[in-house]
Structure formats: C-alpha cells, structure tokens
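Okay, so chain A shows up in both of these, paired with chain B first and chain C after.
Here is the complex of A and B:
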C-alpha cells in the first residue's frame, strides 16, 4: 500500500539543539501511527513540521503524492491535514456552535463570503450541529467554548478538526491532562473515528498515556533526543530493550 | 423597546437635529454635530480592524489626510464635484491601505502599531513637502464642493450628507461583521493558530478588512475638508490617530455603534471642558483613566451592564 504520508530525512534545529534529527516516518491510509517518547524527544516539534507551522532545515514531506515540504499551514489544511493542539485551541470567546460553524465554513467556503450570512446559513448550521452531535456536545452549543471543561474543549477541538473530513489527523496529546472518565470517552471517540465508514483518516497520535496508545495504535514510533529509536507494531515495542531504556531514563528523574 | 424602534428614533433625531438647532437659535450646533458624524465614521472604520480584527493601528489618521487632500488637490485645480473627490479618496485610500497593509500585516501586536504609525508619519511629511499644495501651512479651499445641485458649503446640507455616509457605513459594517468574512476575522483575532490549522489564509482576510477600513476613513477625510474648507498635514498627525483609538476604546471596542458613541462623547467632553478651563486636558485625562478602570468594555459595556441590572 502506498503511504498517505511519507517523511524522509526530516531535520529541524533550534540553535545548537537538533529537535528533529533525520526522522523517517510513514502513515498508511486508515492507520493510527502513534509517536511516543520522553519529554523533549522532539514529538511536538515533529508534529509542527508535519502541520506546516515550522519549516524543516532538511528533508522532505510527501502527502498523498504531493510534496508539501514548502506549503504553509493553511494550505496543508486545505489538502486534508487537520490538527488538534497540545494546548487546546478553540476560539474561547465564541459559543460552541460558532466554533463548529467556523470549522464547517473552513471546509465548504472559498472566497471571502462578505455577502453571505454566517450564523443564519442552514448549510453551515446543520453541518456544525452534526459535528457537535458526533462528539457529544450538542446540548452545550450555546455555551462559550472557553467555559467548557477541559475534556469537553478537547472534544470540541477534535470536532473542529473533523469538519473537513480530513485524510490525515495530527493529534498532539488529546488524552493527556483529562480525567479518567474523559480519557475513556476520548479513546472511544478516536476508535469511532478510525472505524467510521468511508472516512478512515490516517492518524498521527502523539500521546503520553501509554494505555491509550497501546489500545489505539497500529504502529508505534519511539523518539528520543530528536531521533527515531524504534518503529514497530505495539507488541514488539512493548518488548524492545531500547524503548525500555529510554523510558527508564525518563522515570528515573 | 424593540431594537429597530430605538434605531428609527435615533435616526429621526439625527436627521431633524438642524431644525431643532434653528428653533433654539443655536445654528452652531449643526457644525458641531457634523464634526461628530465625521469622526464617528473614522472611529467606526477603525473599530472594524481594531475591535473585530484585533489589529491596533496608530496610523488611521493617514486616511483622513488622504481624503482631505483628495478634496484639496482637486479643488485647487478647479474640480469641485464631490463625487470625484470621494471616488479619488476611495481609490487612493484603498491603494494606500493595500500597499501598507501588505507590509504591516506581516507583523502583529506592537510591531503592527509601530509600522502603521511609521507609514502615517511618512504620509504626514510627504504632505509637508507638497509646496504646491500649501506644504506645512496647509491649503485653503476657495471653492465649495458640489454634489449635483447641492452646495456642500451649506452647513445643513453637509450635515445630512455626513449622516447619510455614517448610516451607510454603519449598515455595511454590521452586515460585514455578521457575514462569513466577519466570522473569520473575529476567529483570527482570538486564535490565529487554530484558524490557520482550519485552512484559513487569515492574512488575506485581514488585508481586505484593512483596505475597507481605510476606504471608509478616507471618506471621513473628504467630509472634514468639505467642512473646514481647509486641508493641512495636521489632519494626519499621530495625535489624531491616537484620538481615534481613544474614541473606539471609550465607546466600546468591537461593537461599531460604540465607536459612534465614543466619537460623540469625546468631542462633547473636549468642547465642554475647554469652555470651563484652559487645563481641560488634565480633566479629560482623568476621565479617560477612570473609564479605563471602571468600564473595560467602554460606554457600550457600561450601558449594557446598567440595563442588565434593572
């Protein structure tokens, strides 16, 4: 199967620090590829490079047959790469529904839309309500997004990422920081996304919660100090000595 | 009272004001009200980028200058047709906004403030160097602008024209901020990163808002020249730009009609306090500090809070 995303020799330096060091990485269509590693391993930097928020110093990123290495973030989003951030990024001073409308607008609207109403447009409103229903936020549509509980904000953000029926989802610690109840709900939601008929987006999942990672991932890449130290199916990763060493170092602190 | 009725009453009062001023034998107030309407247009246009776009411009008076010089330069060459003045101002203001916006919008926050200020200062000194059009001393306009059969040197006519422009821009502005475009502009104010990740090229939206805002403010500059029959670089001083920002903040940021309220209250305060004492700026300063402390959302927010309490 041709990979949906393939990354070759990706490098990103911050001064003397090599945050991402010659990383090779692929995501197959419909695959959940988790990225784990101790703090400072370069996972978030790597995700920022995939999303187009940072430019690599070397290497190539190819998505669905297109070289996207030089494309800015908004252009990658339009190609079907959606993103959820480590620090929840919704529009806090908009109501929940308006956040969802914005996400639907991003997927259907081109041009400026100066002559077209936003919050009275049935196409946008219906799409937005469907999204909210999917992540279980329908009852809270008129609350300000900034007033939602942390877990609910994460769900809203995921809903917004799903609006454009993305082919690739980049998720930066969607579970970290949520309570046990919320974390179970999020794992279930991610399961439902990957099994949704007709969509099956590839998912890059950066996550600290290893239980969730092992439950969701088809493949796991382990990063340490910017480099990939292992990439395999979950069972073999569990048994890998190098991985244990990396995490033991982390735990010892 | 329903909102529409309130607006209708306010509009009727605004339109009938010259007659009331006549009855009271206070014709002077028509000129003052025209001034309020003109600055309300400028403040309203600034609120579009400041309140809705989150872009603090300290160079908005440049557009007042562009509008005023559009009138001044045409008039000095014997062209007195106001539509020609206005069309020139819209084109020149839009072009200036497009070129400076392309550069300024590469930045945000304090850098954006500095760049808009710098561009306005460049235009200020350009006007100073225009010896053919009065340079530093400014340019007196000897011929009145005409709008078809109407003579814009007539106080009442100019007042009604200014009110018509204000109403037009308020309606356009309200439509714009409720549109898809307005939603994206406000989303970008709140969370740029999220907007880019959704696939919005927000720099284009901001540039368009900046151009539209500059065009509206240029019309205010035209009206200012029609009113004073005089054009000078002082119209685009950075103090004037600061005054526009104060109007928006005073009235209530991101509401459009708050900007109108802010313009009216600031000009009235200046007028009243200047009549009381020559140290009026001290008192005005104290009032603005008090406002900033007690009403972060401006007069609009204060009024809304009072209504809610009742």
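Here is the complex of A and C:
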C-alpha cells in the first residue's frame, strides 16, 4: 500500500540540540501509528514539523503524493491534515457550539462571505452540531469551552479537528492527564473515528499512556534523543530490549 | 459652574473620545491579535489627514476626501504590513518599538518632502459650517456633532463586525490562539493583513475627520498616538469594548480637566500657585487616571481573555 504520509531524513535543530534527528516515518491510510518515548525524545517537535508549525533543517515530508515540506500549517490543514495539541487548544471564552462553528467555518468558508453572520448560518450550525454529537458533547453546546472538564475539552478539540474530514490526524497526548473514566471514553472515541465508514483517517498518536497506545496502535515508533530507535507492531515493541532501555530511569511512566 | 459651558465641554470630550476610539480600535486589535506594538499607527492617522486634505482640495467633495483617506491608508497599511511589520511579529517588543519608531520618522519626513513643513488648514465642508443650537443659548458646531455621530456609528458597526460576523469570529479566535486557528486551516497571515488594513482605515478616518478641527502637519500623529496608547492600556489590551469605554473616559477626563481644573484650583489655592499648577495638573490628569485604573485593575477595564 502507498503510504499516506512518508517522512525521509527529517532533522530539526534548536541551537546545539538536535530535537529531531534523521527520522524516517510512514503512515498508511487508516493506520494508527503511535509515537512513544521518554520526555524530551523529540515527539512534540516531530509532530510540530508534520503540522507545519516548525520548518525542518533537512529532510522531506510527503503527504498523499504531494511534497509538503515547505507548506505552512494552514495549507497543510486544507490538504487534510488535522491537529490536536498537547495543551488543549479550544477558545475558552467561546461557547462549545461556537468553537465547533469556528472549526466548520475554517474548513469550508474561505475568502468570500466573511461579512456574513457566523452563528445564524444553518450550514455551519448543522455541521457543528453533527461534530458535537459525534464526540458526545451535544448536551453541553451552550457552556463556555473554558468551563468544561479537561476530558471534555479534549473531546471538543478532537471534534474540531474532524471538521474538515481530515485524511490524517496528528494527536499530541490526547489521553495523558485525563482521569480513568475520561481516558476510556477517549480510547473508545478514537476507535470509533478510525473505524468510521468512508473516512478511516490515518492517525499519528503521540501518547504517554502506554495502555491506550497498545490498545489503539497498528504500529509503534519509539523515539529517544530525537532518533527513532524502534518501529514495529505493538507485540514486538513490547518485547524489544532497546525500548526497555530507553524507558529505564523513566519508570514513572 | 456654567451648565452651558459644561455641556459644550462634555460634547468636546465626547468628540475627542470617539476620535480616540477610531485610533484605539485598530491599535488594540493589532496588539491583541498579532502581539505587535505599532507606533506608526499615528502615521496612518497623518496619512489619512493628508489624503483627505489633498483630495478635498482637488475635488471639492468632503465625502470623496474621506473615502480617499480611508482607502489610501488601508492600502498603505497593507504595504507597511507586508514590507515591514511581517518581519517583526516574532521579534520582541523592543525591536518592534525601534522599527516602528523608525517608520514614524520616515513618514514624517516623507510628508515634509511632499507637502512641506507648514501646516495645511482644511476647511469645514460648507454644508456643516454652521452651528446648531443644542440648548437655547448653547450653539455647537454642526461639524463636530457629525464627527460624534460618525464615530458612534463606526463603533457600533465595528462591534457588530467583531461580535457577529465570520470575519469577527476568526479575529477573536486568532487573538485567543493563533497556532490552533492556523491548524484549522485559516491563513493567519492574510487575516493579519486584513485586520491591519481595517485598523489603518479607521485611523485614517480619525485623521481625516480631525483635519478641519486641528491642523494637518508632519508629526500630527504623535500626540494622538500617545493618548491612544493610554486608551488601550486603560481599556485592556485587545478589547474593543475596553477601547470604547476607555476612549470616552480619556476624552472626557482630558477635555473637562483642561477646561475646569485651572478654575477649580483658583478657588482653592492662591492665584499665582493655581495658575502655575492648574494647566500642568490638567495635562497630567489622563496619566493619573491611567495610574488609578491600573492600580485597581492591572489588566485594564475590559481585559480580553486569552488562553
């Protein structure tokens, strides 16, 4: 199968630090490819390079046959790469529904009609309500996003990422930091997203919660000090000695 | 205190307030959304005034002058944003202050080269050159009333634009979290340019309307820029509502203070002391107001919530 995303020789330096060091990486259509590793391994920097928030010092990124290495973040989003952040990114002083409308607006309405009302447009509102229903937030649409529980904010963020029917989802620790109940809900939600008929987006999942990673991932890449030290199916990663070594001294995880 | 004088001065304060709001709206949006301190905002005000003076003199139509001022300054704003300010968004505020201060010097000199150092006087349009008796025995220039009305109308329109429209929603979202808004597929660079053009157009409108009240000359943007900076700090940086409330507050305090404080002090102090202290204290009054507001609410009257 042709990869949806393929990354070759990706390098990003911050001064003397090589945050991402010659990383090779692919995502197949419909695949969940998890990225794990100790803190400071370069996972978030890698995700930022994929999203276009930072530029690589070397290497190529190809998405669905297009070289996107030099494209800015918004252009990648329009090609179908959606993103959820490590620090939950919703607009805290917008109501939940308005956050979802914002996402639908960003994905459909470009350039024209910017003077039209935002919150009275049936197309935007219907699209937004469908997204909220999908993540189970329909009943909370009029609450301020900033007042939601942490897990619900992450669900909202995921709903917003889905607005443009992305072909690739970049998720930065959607589960870490949520309670056990919220964590189970998020795993179930991610399962439903990857199995949604007709969509089946590829997912890059950066996550510390290894239980969730092993439940969701088709393949796992392990990073340490900016480099890929292993990339394989979950069972083989579990048994890999180098992976265990990388986590030594980080056993709190 | 003479009630008619008080009413007249209150209207003067209101008129200064709406002018300051037109200036502050653009500056606070640019600072709140892009994190950019643009000292050259006063140059856009000056550009509006000169464009107005030139087109009004050439065409004889005040409205054509206004339209030309807004359009010219919006274009100039886009050019400045794309050529210079775009390079400054990621720099720290001191770099921004230095670079935009350089722009002030550049534009003041440019105005001097094109129009000369002398002030240009713009006449009030003939249709508005009369006075209106707002109360029996209290005439007030019709032109200033129109300025007040125009300022309030623009403020209302701007409020609707920001609060209700798609563009406004993107502006507010971009002010809160630009990385996330980019990730949703919004071209933040184009949004910034649009916001900057909007702010430039409003500053030019203020400058163009000020033309017949003040004189049009190189450097005319700086005194109003300083008042505007006070307004956006008092109002809460990034907040349109805050800019409106603070602009009216500063407009009133400055006008009423200058009109009545010296007389008030003459009742309290010896005449020589009052004459010395009065005008000085009156011109300090807005900074005292700012200090008091910041002591009570360090984030300003209406802090824009970001997070």
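Throughout what follows, the second predicted complex is superposed on the first by the 248 of 253 C-alpha atoms of A that agree within 3 Å, B and C clash if a C-alpha of one lies under 4 Å from a C-alpha of the other, contacts with A are read in each partner's own complex, and residues count from 1 in each chain.
We take it that a contact is a pair of C-beta atoms (placed from the backbone, for glycine too) under 8 Å apart; a residue touches a chain by one contact, two chains touch by 3 or more.
Since we're looking at a predicted model, the values are computed, not measured.
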Side-by-side fit of chain B and chain C on chain A, or clash: clash
Which superposed partner A:60 touches (first chain B, second chain C, both, neither): neither
First (chain B), second (chain C), both or neither touched by A:240: neither
Quick one: is A:114 in contact with chain B, with chain C, with both, or with neither? Answer first, second, both or neither. both
According to the stated criteria, A:232 is in contact with first (chain B), second (chain C), both, or neither; which is it? neither
Under the stated touch criterion, which partner chain does A:182 make contact with: chain B (first), chain C (second), both, or neither? neither
So which bits of chain A does chain B touch that chain C touches too? 51, 53, 72-75, 77-78, 82-83, 85, 89-94, 98, 101-103, 105-107, 109, 113-119, 160-161, 163-164
If you look only at chain A, which of its residues touch chain C in the complex? 51, 53, 72-75, 77-78, 82-83, 85, 89-94, 98, 101-103, 105-107, 109, 113-119, 146, 160-161, 163-164
Give the list of chain A residues in touch with chain B in this complex. 51, 53, 72-75, 77-78, 82-83, 85, 89-94, 98, 101-103, 105-107, 109, 112-119, 121, 160-161, 163-164
The chain B residues in contact with chain A across the complex are 176, 178-184, 186-187, 190-191, 193-202, 204-205, 208
For a test of understanding, state which residues of chain C touch chain A in their complex under the given definition. 161, 164-170, 172-173, 176-177, 179-189, 305, 307
